[in-house]
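Chain naming follows the written order as A, B, C and D, and within any one chain the residues start at number 1.
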Amino acid sequence: MAIDVLAEILTNRALSADYNVVEFAAPELARLAQPGQFVMVKTSPGGDPLLRRPYSIFEILRDANGRPSGLSILNKYVGAGSALIYAATPGHRLSLLGPLGTPWPAAEPGPARGSAPAEHWMVAGGVGLAPFVTLAETLAAAKRKTTLFYGGRSAGDLYFAGLFGDLGVDVILTTEDGSRGERGRVTAPLDRALADRGPTAVTLYACGPTPMMRAVAALGAAHHCRTFVSLEQVMGCGMGGCYSCVVRVDDGHDPHFVRSCLEGPVFDASRIVWDALVH
Amino acid sequence: MTTRDLSVRIGSLSLKNPVIAASGCFGYGLEYAKSLDIARLGAVVSKGLFMKPREGHPPPRIVETPSGMLNAIGLQGIGVHRFVAEKLPELRRLGVTTIVNVCGTTIDEYCEVSRVLSDADGVAALELNISCPNIKEGGIQFGCSLTGTYDVVSAVRKATSLPIIPKLTPNVTDVASFARASEEGGADAISLVNTFLAMAIDVETRRPKLSNGMGGLSGPAIRPIAVRMVYECHQAVKLPIIGMGGIGSVEDVLEFMIAGAAAVQIGTAAFVDPFIWDKLTAGLSSYMERHNLARVTDITGSLRTDA
Amino acid sequence: MTTRDLSVRIGSLSLKNPVIAASGCFGYGLEYAKSLDIARLGAVVSKGLFMKPREGHPPPRIVETPSGMLNAIGLQGIGVHRFVAEKLPELRRLGVTTIVNVCGTTIDEYCEVSRVLSDADGVAALELNISCPNIKEGGIQFGCSLTGTYDVVSAVRKATSLPIIPKLTPNVTDVASFARASEEGGADAISLVNTFLAMAIDVETRRPKLSNGMGGLSGPAIRPIAVRMVYECHQAVKLPIIGMGGIGSVEDVLEFMIAGAAAVQIGTAAFVDPFIWDKLTAGLSSYMERHNLARVTDITGSLRTDA
Amino acid sequence: MAIDVLAEILTNRALSADYNVVEFAAPELARLAQPGQFVMVKTSPGGDPLLRRPYSIFEILRDANGRPSGLSILNKYVGAGSALIYAATPGHRLSLLGPLGTPWPAAEPGPARGSAPAEHWMVAGGVGLAPFVTLAETLAAAKRKTTLFYGGRSAGDLYFAGLFGDLGVDVILTTEDGSRGERGRVTAPLDRALADRGPTAVTLYACGPTPMMRAVAALGAAHHCRTFVSLEQVMGCGMGGCYSCVVRVDDGHDPHFVRSCLEGPVFDASRIVWDALVH
């Protein structure tokens, strides 16, 4: 079930010249939301831009009693709509439609290989960090052992590593220029860790640029890990109405297009026909 | 507030109110059933259906443009048989007034799809999509030719007793002549407009932004042209007209109705606000209140052109 | 930054750069001369001119619509003789490349206006307005008929040796056939699009918002349709194309040029930003720089449609 | 000469639920402006609304040294564009094109009737007050005797009477509901004053709803006063480019349409074909 709320902007925190976090008062949405779901944001009250923009629910905000009171989004400025979110004014209201989409799969223990407890590894590239706070919280609540592999171009692109640390997540950072963490791509330490893990069953979750997710999917397949990816297709409606957001999947029989706003954004990576993905 | 009568009749088709979800913009309706009571809509028009399932075009399938959007979905769909088996029973159970958007690559296919739907239970009317600009083999060759339009309509007329509503393309010089051809072919109503054939180019890659090259323009951008076309058709034929093109507020609904529409469809605006339906019908009621109109049908064609 | 060549040739007409002020959107040019150097524009197209002065329609003459506007000015103008006497000398003195938008209610009038302008000093080319949707007697009856288009163009061809540029209406099923009729008639180039016939209604008074009832839609709203039409014409004819319809940024200029335009016109956007010209030419230069193009003409028709 | 400046919003003062005053930093515009001229305001940086909106220059702001530093506009909320101006945020910038239009005629003494010094009477209805502050300042600087007849529906519609008083203007107020000043229309005290003025030469200046301006024009004609009106036509460009803003004038020969952005907004009232005016 989706609802549409005209949510007050509580805070707008710039992280850099193109990243920011906006907090909204939206208790009902926050109560309904499951990890990995998204909202469609009307970035302007007028007609420019016309369509809503999809954003992962970044954090669930809670009041003093721990009850869900709102949510935040982690925004990267890329065009007209994200520019308006970047410049959002606290006190103003924006319309949020959600929660939408299929959440991350529940933190099931997974088929244990041997006796070692199952682990959950998240792999984020850039703004692909957005859907992982809610997942990490759920995994932490279920007392799962979790790791975040998190890569960016340079130190300035890596945010909120501490937030994950506080949730008990092991955080492994990489930057392409080596300014923080390991130098290179996030898939390098992931590959090594998968090779080293011994008999531990690992579930992989990835979100970020398509080439990164594709590489993670390949590593997951090679190492026999269930792998989930959260895809970011252009979306017209977010509710299954327009068939704009399709992703090509292959479930053994004819490959076909499915709507990523309904069946996704989270997909079992093994279903995806990667060559047909645009981004 | 006294009760205002929002019901309209389009030929033998009765609608609770004149606000309909446009084809291709509301899935098969059921996608929305968890979030709202879709039986409250005047009707739901299904995504366009051929005999067989269709893949559609590869993404990118949409791109936003000023006050509008281009789409080239390519009529992805489950085909008429799966629709009858998988969607229609639930739509019927929910009490939805269901209009099916009928596609075909040949006149025979239009007739065959129409026959399958006539034999099924729960279809209120057929909208003949002879106007999709996004696939080469589908309809637009009929919709851009007067004899093609007449031929499809009169052939389907013989194949079904359901109300038939050809959907006209705006990509023509004289839309009113297509309204007349539809009337002569035996249509019960016409709907217009489908999208305008259009194009957007990524100037960095110098490629079209849509995988299909071209797409159909919808949304508020086209509204003033669509209103003009509804007005022209209303002058030309006696058939009820279902108007659409960029409607997003009760003022927009009224504009189309005053120009001559008996009912309206909402496409693109339902992407932005999937809960728009009750807002529009409430707005109609309060307009009728304010203007002291008992029946919503009193609005249709009420444009004053005297000085 | 090395020098980039922004000049274009349209038949025998040379332009400093491809950015032109559209007819009816920049007065006679001189209105702007106090605020900017209008000789820096690729060209200025005058407001449409008949033989005689014309009153135009009563106000309201414009109304804003989503990302666009309707106008029904009704071709208010001073007539060709006063233009030649009162405006042309100053335009010449300022060094403006002046294109005159020629109107007529008969083929003879097009020819006569063209002759007067050919005899005058300082007219660079004639744009034949066979596409104004706002007055009954003016042009559109020619622009919506293939023989009408051919007849006007071929008649004016005999009356003048100035470059002639028929301006096409988008209110037709197949704009490319009108491009071909223009080519066969002896045109030197074509320009498109003029405005889309459209309508807006005040729902409280139930009257049209424009005194004239209908008007022409311009502005960003129509851009994707106009780009498609330029592309279709570019596929159909060898004539240079002057593209327009909702251009407001250098990306928009590039979109039209990549689709096939040799030059572009700016109408509505110049209302919003009368100083837009240097911004667009600077943007073109930096795009050429970035894409390593020496001549702006390299952009024309460079759309990549291969996979 | 017109210029286009991206002017910072300095303050936005709400006067009521639909009136406000916005101050802009715009020294160059302020230097160029003459009394009664207007600016075309781009009410939003995006494309909605598309066209600019015309606004009278309300006040010329000055720095500590008395040098022009900016201008203000008096805005009444009527639709999308004025709503954005009503909600304008200090610190943001809006584009102002101007100064435009023909100003109020210079404060010439006017043909004196007999010996009494000439007087200048302004007549404002509602937001029609906007072009009068600059005129009053000019008249005050030229030491003219000036009066403002200012009418509104009720007391809440009358603003800035004190500002005119400070400039030495005699202020005569009317409200339709009698809540402030004389009850009734502003033309009633004007009519009486014209009848009572004796041999004084009076120039009338009017701005407000069309019926009011028309009534003032009629009074002016009846009492042989030169009368100027500032008209508010819908404008597309403000620079003479579009021919949207026309007003029908009759200069003795054929009545014809002239562009009110160039020949106006201030017109000699005797030229106007009132029956052809829309508002």
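Criterion: a contact is a pair of C-beta atoms (placed from the backbone, for glycine too) under 8 Å apart; a residue touches a chain by one contact, two chains touch by 3 or more.
Remember, predicted model here, so these are calculated numbers, not experimental data.
Enquirer: Counting one step per pair of touching chains, how far is chain D from chain A at the shortest?
Expert: 1
Enquirer: Let me have the rounded angstrom distance from the C-alpha centre of chain C over to the C-alpha centre of chain D, please.
Expert: Measuring from centre to centre gives 36 Å for this pair.
Enquirer: Give, as an integer number of Å, the spacing between the C-alpha centres of chain C and chain A.
Expert: Centre separation, chain A to chain C: 49 Å.
Enquirer: Listing for chain A: what residues touch at least two other chains?
Expert: Expected reply: 47-48.
Enquirer: Multi-chain contacts only, two chains or more: what residues does chain B have there?
Expert: 66-68, 219-220
Enquirer: Mapping chain-to-chain touches, which pattern fits: line, ring, star, complete or other?
Expert: Topology of the interface graph: complete, with all chain pairs in contact.
Enquirer: In their shared complex, at which residues does chain D touch chain C?
Expert: Residues 1-4, 42, 47-52, 97, 233-234, 236-237, 239-248, 256-257, 262, 276, 278.
Enquirer: Provide the residue numbers of chain D that touch chain A in the complex, in ascending order.
Expert: 44, 46-48, 80, 89
Enquirer: Give every residue of chain B touching chain D within the complex, in rising order.
Expert: It comes out as residues 66-67.
Enquirer: What does chain B use to touch chain C in their complex?
Expert: Result: residues 65-68, 70, 144, 171-173, 196-201, 203, 205-208, 213-214, 217, 219-225, 227-228, 231, 246, 251, 254-255, 258-259, 287, 302-305 of chain B touch chain C.
Enquirer: How about chain A: which of its residues touch chain C in the complex?
Expert: Interface residues on chain A, with respect to chain C: 47-48.
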